[in-house]
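Below you'll find the structures, each written out as structure tokens.
Below are two complexes that have chain A in common, paired first with chain B and then with chain C.
Coming up: the complex of A and B.
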């Protein structure tokens, strides 16, 4: 049971970064970006190109791609979402679905459907309190903890982070407080890109690189973001942990194939009983 | 005295129709001008248009002589045109200190304390509540925070939309006292207010809007002295005072 809970914790941690990306983007732009899965896939393949094909160390490849993918996300926004801004969240959501299809198939076109993996040395797992942990899991925990800490510092200690929260809170007021919302939107996409790139690498380390690798996490990621409260960074973290651990523990009492039912049930229950999520604010139409 | 804010022939609105139908208003430097009028007369639409939240379809807005029609709201703010909306005028999920910091950082304050000393003297309650979420403040405290944010970088013009809305009579007096103090610091004030009599007592001039047009522009004391102020306020200005007064001047 302890082993299952630990595996669930790692799954939850993997979902934390994309859940954070979803919640951050939803907070500022008020639409659910269903392209997150495909974006993680593309970023993971970009890292694979440097690491698996050019022989770069995984850490260096991840760092370079994270920054580049942040820039690519800004370009995607300018080409895809910016022309649709002002037409409502549903339009942007549908656009994100289309974008997801396109991105996933670009990855498929470039690398085919064969599963691949990053070029990392194999290491012997070690045991702690009767729980078996491998090196990839430890890297996942450490990277996620670092990313969460940096995100917290960004959102609470920097002018850009405060401005992002301000735009998420009240976009009209943000304008008359001197905040250039387009600049903040670009920052939000850049940070989203970094989170998704690192998230894609974590998934690639945990499983394998294949075109649907990111899409497979989309339900869990959205369940985590909704459970925690869309727009709440703390909520994204808590939601991902709960969904990850509960999904894994559910395999003790039901067949693993039904594990997907846990995030779906979480979405249904939270939307019925507490639509704002655990840490979100009730939505007030302004 | 020169006009710090002048509006000429302004048309603006939502959808197909215009709400503002050729507004002319002028606010002189260092003065307080109150806009009154019945519901739907275009008062809030006017200040939103001046702030840049709604585009002007026709006409011109000048701040200290500079045409600002084409400037975005953040640029207008940095030119010195501050605006306090009627509702949702603070970031409710941010702390008091974060609200002040944002105002200071993005309205052009640069380095320095988020609440300058003279502002701390004007809003003495705020420093003790720096770590409180703005959404947890009382209505009066929220209004004070909104004022402090708008004033943290000394603007040329402060526009207030219904600053006393929803406040108790005691707090309303406090709010108007604060407006007067702000004005005494050299900030020109353009105020939309339902509480007309109290507002006019601290104003230099008054503009009455009805149906998206200026119905009367006169010194505040003169308007206060009108026996038919109630009728005037209810939008019957034209019948009560003759034809429209044309360009309003403070």
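Coming up: the complex of A and C.
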């Protein structure tokens, strides 16, 4: 029971980074980006190319790819989403779905369908209060905590973070105050890219590298972001933890194949009873 | 070659019915359906299981599959009870579709899991001689496609059709005019669902063998591409769009003969990349599609 809860905690922690990315993107761009899963896949394979094929240490490979992937996300945005800005959420949403198919299949084209894994040396798991923790789980916890702290500092303490929140809150007002929204969108994509790259590596470490690895998390990640309230960074964190722990605990009472039912039920319940999410604020769209 | 064209024609017919169903839900009703692949799976499996396990004949099984998918879609639409934003609904449908596909993959006692269901009988398969059967199936598919088109045309031009389009344009205005938005949304989704069930049944009849790998999420990309290319809301457009997408897809099988280095995984990947890039390019350069939605026109004298 304790072990399951701990595993669920780790699953939740893995989802915090992509959930944060989803919520940031939604805040600034106002559409749910369904390509996040495939983006994580592509980033994970880029890390695999450096780590598994060229023999770099995983940490160095992740660092380099994270920054490069941030840039790549800006390029992707300029090519696909920039021409569609202002066309309404539904068009952007369908475009992101198409983008997801393209990215996932670029990974499939390059590396095939066989599962791969990162080159990391094995370490003996250690025990604490009867809970078995392995090294990857510890790295996951530490890295996510670090990323959350950095994100919080960025959003609250830096001019870029303030500008991002301003654009998310009210784009027109931000424009009046002289904030260049295109610049903020580029920053948002850059940060999102870093979050997704690290998220992709964490998923690859937890499971294995295969083309659908990222898209398998899409429903859970969106459930986390909606549960916490789309657009709320703290909410994304809390939502991911709740979804992770509850879906892992659910395997005690129901077949593990249907774990995805938990995030789905969470979305349905939250939409019917508290549409703005746990930490979100209701807002008017029209 | 002739038989290839006949088989292609059948595939185009049931893809077109799927595209018409999506066009009704999304093109006319504004309700995005990212769970299309899952509902399509449900349709095919319901039809096959009603025949194989339930002992129903093919007609009853098809009607049963239509009713089951319609009910599943209606239930999904109920979550729009309070939230009407399409992005939330998109995620709900995506999750529901995913769940249905998992059921097909995991419930071995019912669906035989990854092995799939084999030996699905075809309509009048024992009456019509085997060598001319494909022509009969093509004729039947065309008839069903035209029937679907007719029903949806009648619906779109009825008072209900006007409510459907009003909801797409502005649900608040529709509610202000006294329309029951939730109930209308449930009905829109159910009508679309019934035709998804029909397309799924035809899929089962055509292949006579269904397994979970036939129903990946790529189905969603195909259907959206067909509807967008044809022009959102345009019924005839959805049919031409589906035909174009399927000809492109089936035609790309011949790429293998041109570039022998491609293995089947890579070929499949390339086809999906082409579809995805095509979808994005269409959205950027031709979002209105190539045909127009039916509008009531009055001639001035």
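Methods note: the second predicted complex is superposed on the first by the 285 of 286 C-alpha atoms of A that agree within 3 Å, B and C clash if a C-alpha of one lies under 4 Å from a C-alpha of the other, contacts with A are read in each partner's own complex, and residues count from 1 in each chain.
As a convention for this text, a contact is a pair of C-beta atoms (placed from the backbone, for glycine too) under 8 Å apart; a residue touches a chain by one contact, two chains touch by 3 or more.
Predicted model, so just to flag it, every value in this text is computed and none were measured.
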Partners on chain A (chain B, chain C) - clash or fit: fit
Touching partner for A:132 - first (chain B), second (chain C), both, neither: neither
Partner chain in contact with A:271 - chain B first, chain C second, else both or neither: second
Of chain B and chain C, the chain that contacts the larger number of chain A residues: C
Touching partner for A:159 - first (chain B), second (chain C), both, neither: first
Contacts of A:261 with chain B and chain C, given as first, second, both or neither: second
Touching partner for A:173 - first (chain B), second (chain C), both, neither: first
Touched partner set for A:223, first chain B, second chain C, both or neither: second
CA minimum distance (chain B, chain C), superposed complexes, angstrom: 16
Interface residues of chain A shared between complexes with chain B and chain C: 286
Complex contacts: residues of chain A adjacent to chain B: 159, 162-163, 165-166, 168-170, 172-180, 281, 286
Contact set on chain A toward chain C in their complex: 26, 31-32, 34, 80, 83-84, 87, 89-91, 93-95, 97-102, 104-106, 108-109, 112-113, 215, 218-219, 222-223, 226, 255, 257-258, 260-261, 263-264, 267-268, 271-272, 275, 285-286
Residues on chain C engaged by chain A in the complex (per definition of touch): 30, 32, 34, 79, 81-83, 85-88, 90-92, 94-96, 98-99, 102, 105-106, 172, 217-218, 220-221, 224, 228, 265-266, 268-270, 272-273, 275-277, 279-280, 283-284, 287
Footprint of chain A on chain B - complex, ascending: 51-53, 72-74, 77-78, 82-83, 85, 87-94, 98, 101-103, 105-108, 149
